[in-house]
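Chain lettering (A, B and C) follows the sequence in which the chains are written, and residue indices restart at 1 in each chain.
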Amino acid sequence: MSALLLEQLLNGVQLGLSLFLMAAGLTLVFGVMGLINLAHGALYMTGAFVCAWTGALTGSFWVGLGAGVLAAAAAGAVIELLVIRRLYDRDHLDQVLATFALILIFSEAARAVFGAAPLWLDVPPALAGSVALPGGAAYPVYRLAIIAAGLAVAAGLYLLIQRTRLGMRIRAGEADREMVGALGVDIATLYTVIFALGAGLAGLAGAMIGPLQSVQVGMGEPVLILAFVVIVIGGIGSIRGALFGAVLVGLVDTLGRVFLPAAFALVLEPSAAAGMGAALASMLIYVMMAAILAVRPQGLFPADA
Amino acid sequence: MAEPVLAVSGLRKSFGALAATDGVDLALRDGEILALIGPNGAGKSTLIAQIAGTLAPDAGRVTLAGRDLAGMSVAARARAGLGRTFQVSSLAMPLSARANVRIAVQARAPRRFGVLRPVARDAALNAPAEAALARVGLGPARWALPVASLSHGERRRVELAAALAARPRLLLLDEPMAGLGADGTAAMADLLEALRAEVPILLVEHDMSAVFRLADRIAVLVAGRIIATGAPDAIRADAAVQQAYLGVDA
Amino acid sequence: MREGVVSAALLGALLAFGLGAWALGEVFFVNLAARVACVALAGAGLNLALGFGGMVSFGHAAFFGLGGYAAGIAATHAFDGGAFAGVLPGTTSMPVVWLAAMLAAGLAALPIGLISLRTQGVYFIMITLAFAQMIFYFAISFPAYGGEDGLPIYLRSELPLVDASDPLDFFLVSFALLVAVLLGCRTVLAARFGAALALARLNPVRLATAGIAPLPVLLAAFVASAMIAGLAGALFAELNGFVSPAMLSWHRSGEIMVIVILGGVGRLAGPVAGAMLFVALETVIGGWTQYWQGWLGLILLGVVLFARGGLIGALAGPVRHG
């Protein structure tokens, strides 16, 4: 039982840190530009497709990974220049609709370019295999690598925002858009850079997921919605809240799916327990989000506090 | 002496380390205009907000005609007889002046949430609303216009009409003269003068000529505390008040 | 007045289209007209919350889908003689199915609205989405009513003098419900409740200062809006002879929203115009290319960026307030 628990805890943290890569961009864009971006999942999908396709073409996962991140960042910069910047002054309804439209466009474009059949990607040889956990279970190295990458990005973002000129501008931009403008910072370029940065992180998340699941059209949407749950729980605009929320969601979702059916089996007959347990487990994070918002309507770490 | 219409006692509200309202006591009687003056940031609007229910006080009591308002929502306090205007007008801009006033009549009507009869042809709502608009000096030609197309001064009047249309027990007016110019200020002062007998008024105002013309009593709020209360002449002579207003012409 | 003319013309065109298709024996197009009516009805529901109440709900598929499942479950138990939750038997009586659908959606909307209305702005959008996802995933993983595969409707419901399995009858019933709901909305919105709702959307502080608490007004509108969406869902499920979790998906929520926006937010007949345009695009572009959703995306993007106000805004000018 404890080996299983440890394995599932690691799975939860891995899911959580993948979600963090998605959520960081979303929450940054919302915090600085006040924009709600549904098309973030499309950038994740872009990273996954380009990584899988380039990886298959060149035979190197690492080339694919680089290409995926760059492609997602470039796609982000392009949609920021063409569409997104027209939305900063609009209300959230317009933002939702325009970025919903972008999802439709990206999905069909991906279908047209890469075809409807899913792509598959192998785990890179350097990260193949597994390590023994205390307690005896074997755990895939690749998943540990995702955890490491997520932590590295979190640390990098922290340093970027706290220690660099760009970070200073980001913090200033959150505090007061007009003031940054008055300081002579080129706001338009700053926004494009921030958006592309968030897009690149989404692309990274998408590219890394390739070896764990099939790469297909629509893959960005469940992740997008989870990432929204994450940033809403954490407090929209807060990177710290996103990290906390992401790990919380990852753990609750993973552990719920494993242990809820087992818990129900203690009180119900097996088939009913499996049904109820699975149904409730899949709802669990949404229940958690509703409960948190009912008590704290601004999330756990409101950005303006 | 009769029971005060409004009694505030020991009211306290802090924002972090800042005590915006620091143990305020006030009483207001029928037939009276009590002016509340004080420098910018003294806590006047914060005090009004606590009386009206938009802000919850940390401590203290507010009663309206003897009834404790604790725990009552803004809407419930309004129905209990509090009429209010804001320092910065708060109206529904796309709606007509009439619609903005009509809603206050509707809030006190027997069927507040009727679903059949159109309000546009509901005399029980429109007649009192139009009477209130006429009362504040807004002519029929302006009634159907969206508030967004009215002048600043006209909007202040619409807000006052909305407060009056509800037949309040008490008016809380936060700087009704602000931005009106000399003529507008005089006209507003005439209007308030005429209202004195009808409804008691707690008047927050920076325009000292209007304050000294209208007020029966003046309370001076500085840094969240009432430093003096009394008849206009006594306040004019008060040393502490002069200190607080040093450099401000009073 | 012009908006009234435009609305009547749109409804007249839909009726003429359905009747004309029937006269020409084109069953496909009769069903298409019925589809427009159902989708427009769902849009009319959302429009009440979004357009008239200013509540940007991104979860109305939940209510649409719950209505659909109410119809599906009623038909299933009418077929197999079982009972929902062990107590509610199935039925094929159309009014009872409608009532059940509206009740199911309304009962779900009450707690959802109560919690969601504590939040504002993006949080409201996201929490309504989260509630809808909750119901979506429940439907997917709960096996009793088809789970992921959905639920076929073998028994069509009945109304005296009406045969729901006849395409024309079904179109006429859907159309009549659409007209009835739109007229009902028009009446309520022009009355005192509507006046309070307009203030709650435009300036809740003004409403509260006038003496009416905004929350109950918004909540009532939210629940009514959900009930209309539920009714639309029941009709839609019956039209398709099938209900599945897809009816509850967030894509569906997005589509209902798109219909309202294409037609014109806060315009009574906006959802009718939006539904006609949406179904027309789906059919016409879908006939040319399998990638029709991409084109829909481009058109939607164009409307949001450059043509605010939707179809009704273009036809009847900006909203006029009394």
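The rule is simple: contacts are C-beta pairs under 8 Å (C-beta built on N, C-alpha and C of every residue); 3 or more make two chains touch, one makes a residue touch a chain.
Given the structure is predicted, the values throughout are model-derived calculations rather than measurements.
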| item | value |
| --- | --- |
| Shared interface partners, meaning chains that touch chain B and chain C | none |
| Centroid-based (C-alpha) most distant chain relative to chain B | A |
| Per-chain CA centroid nearest to the all-protein CA mean | C |
| Chain B and chain C: spacing of chain centres that average the CA atoms, whole Å | 44 |
| Distance from the mean Cα position of chain C to that of chain A, given in whole angstrom | 31 |
| Between chain B and chain A, distance of the C-alpha-averaged centres to the nearest whole Å | 50 |
| Contact set on chain C toward chain A in their complex | 50, 56, 58, 115, 118-123, 125-127, 129-131, 133-134, 137-138, 140-144, 250-251, 254, 257-258, 261, 265, 291, 293-298, 300-301, 304-305, 308 |
| For the chain A and chain C complex, residues of the former touching the latter | 30, 36, 83, 86, 92-94, 96-98, 100-105, 107-109, 111-112, 221, 225, 228-229, 232, 236, 275-276, 278-283, 286-287, 289-290, 293-294, 297-299 |
| Chain B partner contacts - residues on chain C that touch it in the complex | 187-188, 190-196, 198-199, 202-203, 205-214, 217, 220, 319, 321-322 |
| Chain B to chain C touching residues, read off their complex | 52, 54, 73-76, 78-79, 84, 86, 90-96, 99-100, 102-104, 106-109, 111-120, 122, 125, 144, 146, 162, 166 |
